[in-house]
């Protein structure tokens, strides 16, 4: 059984279902990527795993524990970190304060975690006293990931972390994400840049209209001619 | 439909009970203010209910209507016109010229020059205006200041003043709307609140225009005076036939005549408001209210529509304000309080049902009735509480003094309860 | 030279000192209003009456202390009574939050519904204040009247013009400085303060970070009610306590908060002083001031008053409208409502 698993999820935002019997899972220390065409329900699947969407059927398990009924806030407390696609930093707070807010739930001394985040993203240490709103797009994403890491989560969920950043910054972000995974954290992310994302993924989920279409390792999916033709632009 | 009829019938029954147990004079006094409040509530409902505009400056428009009634109906004061009429007119011309030159300069110039020119024109204009205005005002206010000290009015029938009240309020609303309607909803609320305070401040302080806090009293009436009626032989006969004291009966008759006039206005405004609401214009208004962006995307000129409805609603409030001043027979700028003239009207609209004209009228009737009757009820309540206290204690005296303020508390409570448990009001807007 | 000094003293006496005191009062009021806006995201029409309620509680506590013979020397007893007033206002605000606003918050109602609800709260608070203390003027200031007296100042300096600083004016400034420092320390240094800023900045992300919205809202009311009470008491000490004047203060306070950039504490302070000084300078009669500076025989005839004092509301209003039209986020980049 996988560390985090959204099993046979069916549901939507009221009205019609968007997800149909959709299953997503990720192991500790691995990277799982959800890809697929526009409107395939990628972000919705992610939100369902995080509890931002009511499920009609299916369940979500974290480390064997059924967390289907927990609110997103409670899931954060249970060890899930989530980085939304938009508005994912406190723009008027400094970088350091953003990280502190990430650690809001922690009662213990989190200075070591902050050092680790600064080690991972050295630019953040440099800009620690600057309001996050003044940072570039790529730097903001680093703040956002850093904020989510401050809770010392066992799972990190990223909703399109490379949206709107340059290819160079994207590569760098992916490198960092690999480093985070190497520390033993399970990483689940939704990506538009499917090829690059599958390159670093241990597992890939190709969704079409809210259903699992292909599920395999990242390399296998990249190698699959059908996947290449339909979803990776050849 | 049946439910609405029952609600209005219950209201009528309450008034009849007041007539039977308190007096018909009181019942008619309540009815008159209910009718006037209903007109104002209709105006407010046009702005808020049709278009979602928050106008927290109802008081100002009511006062503009009131001063219009004064300026139409009071006799002119020729001495004052001789003393300072020319000066005031010149000051007015200077003001118009300043505004015109400013607008012209702003349209012709750019950048720093634009700002400098604006400041310069405004500064020069200010001193030119003061040059004419100050001596003229002093001269006017010196003319028999105990009795007049102002320019007076036109000496026309006061019913014309109601029309003028609507027109004047519309004019003021147009100017305000041009400036403030671009603002988002919360800012519009603050802006209108401020404007209404400024209008009252002007009416309180520009004695040459409104006699300020010296008040204008003895306004001409659209109905006969009580003493006139009492002298008429036919009236004495009528009173005798109905077994009434002529003195009391004359009071009731006068109030009833007012009520007829107010009712005619209310019904006319109501009929027009209903037609407007059902027309394509009304549908477009609601479309803009419910989804401004979509309406704008479909090519509707949102700002223009808002200006229209703001002006129309304010005009209706202005008519109500003129009617109120007529009923009072005097214009007293010091008596305009936002709680009574702005927020109470808002309570009426919300309680009655936003977006529903019939609801606004019912809301005005109910809320005004409670507002008036809460006072005697409060005193009764306080007497009951005081009865258990030692006779003549300081606390019981304090309670009796406090009784009239209970109704403010009650109004807030009613508003909050309706907003919470029946947010669409007594008569909800029909879902179309 | 003496003329210039006289002119400066005159200006300080009638413009600078009253302007600073009034500005501090407005700034405190605007800070409270801006806190409510930042956290609860609505325009609170009931805020003026919250000030009146807090001030009223303080007045009662002051009277009680005075009757008990407890005073603090030259300082007004009201200073000692202030905590009681703050507690009263906080309790009132929390009560209304529980019974009124929380419901709409859970519903995620649009801001305009909150605004209308605040009209109901305004009526109730207003009625309560009038029920309890009545609509009349109440004096509750005691202690020393002046720090610097005009006559002493004249004797000391030999100038024709005197400078008077009332103790309430000095106290207003001192209290305002302390309160503002404490507030900024809270907002920038404490966990709760930062959480409050985070919540104001990005509510969803704050929730994701585990910030408890109920706690944030609770503290926002506590701070706003506290600031309202302090501002209301200082204003009452400086002028006098009368319920209706607090409603009228609403306009300049709104103007201060919006001009500075609503939701921005620094802006609220700047806005408070800007509005206060505009009001005072525009309605001050410069006749004597100018007659000191002008050559002999050139002294102005009139009062040289730009606008009658009765129009001071117009000043805050005009500034408000101009700022809204040309810079809707305010001078210090607040939010756009």
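Going in written order, the chains are labelled A, B and C, and every chain counts its residues from 1.
Please note the rule applied: contacts are C-beta pairs under 8 Å (C-beta built on N, C-alpha and C of every residue); 3 or more make two chains touch, one makes a residue touch a chain.
Note that this is a predicted model, so its numbers are computed, not measured.
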item	value
Relative to subunit A, chain with the most remote C-alpha centre	B
Chain-chain pair with the highest tally of contacting C-beta pairs	B-C
Chain centre separation in whole Å, for subunit B relative to subunit A (CA means)	59
Centroid spacing, where centroids are CA-atom means, of subunit A and subunit C in whole angstrom	46
Whole-Å separation of chain centres (CA-atom averages), subunit B against subunit C	30
Residue numbers of subunit C (touch at least two other chains)	none
Complex interface listing, subunit C residues touching subunit A	191, 194-195, 197-198, 200-202, 204-211
Contacting residues of subunit C [partner subunit B, same complex]	42-43, 45, 99-100, 103, 111-113, 115-117, 119-128, 130-132, 134-135, 244, 247-248, 250-251, 254-255, 258, 302, 306, 308, 310-311, 313-314, 316-317, 320-321, 324-325, 328, 336-337
Of subunit A, residues touching subunit C in the complex	72-73, 76-77, 82, 84, 87-93, 97, 100-102, 104-105, 147, 151
Subunit B - residues contacting subunit C, complex	52, 54, 56, 126, 134, 179-180, 182-187, 189-191, 193-195, 197-198, 201-202, 204-205, 337-339, 343, 346-347, 350, 398, 401-402, 405-413, 415-416, 419-420, 423
